[in-house]
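Several structures are given next for inspection.
After this come two complexes, each holding chain A, first together with chain B and then together with chain C.
On to the complex of A and B.
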């Protein structure tokens, strides 16, 4: 794709202090329950109280992040709203399943059903922004956010001036238990800050809502440019050895051009071999793992993209979040992101400092 | 210039037939698929009509070529059956020769199976083979099982925009082709009846206890249906290289949003109007070129008013014949857009306009009535197919006769 894709605004509600204030001064938050839950802001500043009462947690998180992102971008109503979510509003799905049973299918409150539909957040943002243009929601595990991003890049190429592109997922205790039954999480409890010291089967769960305002034109306010995106579905174990150099070559780059690697490493020994393959093609590159910050979930790639954008714009990392990383590069022109979701959906993304490379 | 996008294969299964040919036969016989459920566990078994596929899960497993494999949910099985027909018609033998993308649509994933075991899943004292359904709840499950079974190697993803899901899947696939990211993409959706969805629409008082009556003054809601439908889309270059049989051209499309209300369209049909108008503009056709509109026509009080008004706004006094085929298939939600896109191709290829069943009385808000007769030997060259949904998600497709 020829189009350039710049991040013009961002907002994130995550298990770290990411929603307000200076992220470079925020402490590292951790947990010992194997479930990193988000730090919810005071929604009243963004959503009127009477609407807030009827909304479930996922809807509040999604809508608030979207509003804040648009405020941050300084752009008007978006030309498109595109999101990804692995699970949608899980609490509403759970509640409607229980209501059906408890009330024996009679006199049910339709609200949880309405809010459980995967495009409910998108619909609400459209109403709030009076945005009558393109609106789409992807629901495909570790490709949910990435296809929302790809769709947005297609839209920019087609002439849409800017898009609101985001991802959101929540985790409930109930669902965490369900997924534990197929071994997704570690059986021993680990402190999330020390996640990488505990390689064993399974990882820790997480959640978050992250939105981006994307535009084909850079401004002084641009955070970063998304310069490349490649998706791999159920690739062979050793695929990165060839795929990574090919990806870089496509961008006219060599391994030396990558200053920082964001890796989705999550201490899950079942799939650690994929992340280990990053070492050989990128010898000596500084690697930043991020799952100790956000946990594992379908759209964790959006958190990593958010982090990369901040690092590229500020030319510094929130070092206090990375006690396990001994040294950071002086300058960061390009960040490579590699992430996968339980070995099935793999993503390579290249982010560049905005304006630094002829655009 | 961007590539044109052609439809080169189709496959489907609905309450009125297990194949495209069987669907066409039932449409011609004016045979509705509505009745009472045989397979759904609900207190509304004999109260709310549904359009159910007439096979139990075991029979579907046989048809799909995966007998005795319970990890395939009904959602996946319906999808596999439709997909196999679509591949066969498109003559896809070797998926490695031309990597194909698969853009699927789903509203509740494998809920049909999950809801039966959900309370065992959350009960630590319960153990058993039901644990293999854990992964089937989400929307990606059916997509990946179909993709793996068939051997897809291109872009794979799933879209969920309620009732417009598979129309948006078709649109996304077409855009991947136009921008040169893929030369062949199979798009559509699959939906199985669930107590979850039935109770959802019933709690909204959106389900009619009688067979649905689209665009009728006495209409009182929709009937749910199930099924799956897929269309093989190819770039013009590939279709020529490959010698593909071109069934029709996807000449225009538009996705728009009502930005009005979570579950109701705007009363004047703003979103429906915008979707149809812009899709038609993209196709390069004018309103005079449209011979048939396959309307969304759910028979809910709101939809038919706003969609009808949008038709009047777009076409003025010259509204072409239009009909809802939902009295045949029920509203198959995520599969509906693809089912009706295939019907639109059939309308063009067979020169046929389908009747809007169960209509008797004109709506007081509208000056137009749907086509109630089966019309044969019609010169149908351009069809608009509408899919509108919750969240204000509107999608219109323009499908045109292939004329070189």
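On to the complex of A and C.
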């Protein structure tokens, strides 16, 4: 059965200039601190000042991205709100835990507790949009966004006209330090723009909020069609050799039908062997790595989906973001996305140009 | 009393993250909820926490809280009434 899932609207707050303006003209932003932080917009244009004062960074990012996405889609109130997050609002969680310790479990401020719950962003969106329909947040580490997407695709299949589907994660200084203690980040400081020239254990951290308005019907405005999605949990090291051809075959495609591969390569030598497996089944395919743009985090796959949707709609890539890629294909009908989160959660996703191939 | 009210206004602004408001903008008798500062029910919980953290006063009865949190003046009078003579 053909998956009917079209991206009708998108918005993203990320470490690059993705929220406003023409992304194809925006410069590549980089950092040398091993943490790519988002470029926050002026939230006052989207959220009333009286509501804004109580919101933490993650809530502001999530809600603003969701509002902008709905504006971009022109769809109005969503038929469902489905999101994924690996960590929720870390800032609120840390504040709440510190308060418990400092005030001996008494005199606890309610706001950070309320906002530290994973579904706080969804709740805010629902209140703001006065949307009382299906509302769900998936918290499954490196599968969080993909499960939100899978749930949305099922809802569309069952007749929900459109969904607001997104992902959000933030990184705090303290959490970054904790994760450094278990070897997630590189010990040496690396300029993110030269990430791939530094293969060594660990990678660089990132964060971002990305939302999509998904619909079962294509329009002239559609960015792309999400044509296939497959998840693999802790697969064997060589799994892609069989899994990738099988995934393509399931879509009625062969390797030469793939014009571009977006890869979650992140210069982490502990798990680089997974990405190296892409070469054999897809010989000569143009590969675009994206982790130098957004860093590594649980829902980085949403950033890649956002990027793929833009490339498919505009039929061009923001080339200035990929100085390491010598040549781009002239036409892009299909993009394959392969990403994994520290070798545990692996994702294959296929995106097609909307309107093409009978879509 | 005047010093207490001034201090209380600064603490309210900080605790509730009131944007673009200075202590002198808050009148002693202006209502904190509804018209005045336009605070809501979550803010009332935050103000209860403020009383406990800064003045070690725990308000057990919510009906009592409604009277105490009417204005800066009523909050200051309540704090003063609880302080040892």
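The working rule: the second predicted complex is superposed on the first by the 356 of 359 C-alpha atoms of A that agree within 3 Å, B and C clash if a C-alpha of one lies under 4 Å from a C-alpha of the other, contacts with A are read in each partner's own complex, and residues count from 1 in each chain.
In this text, a contact is a pair of C-beta atoms (placed from the backbone, for glycine too) under 8 Å apart; a residue touches a chain by one contact, two chains touch by 3 or more.
Here the structure is a predicted model, which means the values were calculated and not measured.
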Task: Considering only the touch criterion stated at the top, classify A:322 as touching first (chain B), second (chain C), both, or neither.
output: neither
- request: Spot which of chain B and chain C makes contact with more residues of chain A, would you?
  value: B
Message: For A:54 in the superposed arrangement: first (chain B), second (chain C), both or neither?
response: second
- request: Considering only the touch criterion stated at the top, classify A:24 as touching first (chain B), second (chain C), both, or neither.
  value: neither
- request: Figure out whether A:117 sits in contact with chain B (first) or chain C (second), or with both, or with neither.
  value: first
- prompt: Which of the two partners, first being chain B and second being chain C, lies in contact with A:46: first, second, both, or neither?
  reply: neither
Message: Tell me the contact category for A:137 with respect to chain B and chain C: first, second, both or neither.
response: first
- request: Name the contact category of A:232: first (chain B only), second (chain C only), both, or neither.
  value: neither
- prompt: What is the contact status of A:181 with respect to chain B (first) and chain C (second): first, second, both, or neither?
  reply: first
Task: Touching chain B in one complex and chain C in the other: list those residues of chain A.
output: 106, 108-110, 114
Message: Could you list, by residue number, the parts of chain A that touch chain C in their complex?
response: 49-50, 52-54, 103, 106-111, 114
Query: Where on chain C is chain A touching in the complex?
result: 16-20, 38, 42, 45-46, 49, 52-53
- request: Show which residues of chain A lie in contact with chain B when the two form their complex.
  value: 1, 81, 86-88, 96-97, 100-101, 104-106, 108-110, 113-114, 116-120, 122-124, 126-127, 129-141, 143-144, 147, 150-151, 154, 157-158, 174, 177-179, 181-182, 231, 233-234, 344
Field: Complex interface listing, chain B residues touching chain A
entry: 42-44, 106-107, 115, 118-119, 121-122, 124, 131, 134-135, 138-140, 143-144, 147-148, 153, 155-162, 168, 172, 175-176, 179, 181, 195-196, 199-200, 202-204, 255-263, 270-271, 274, 389-393
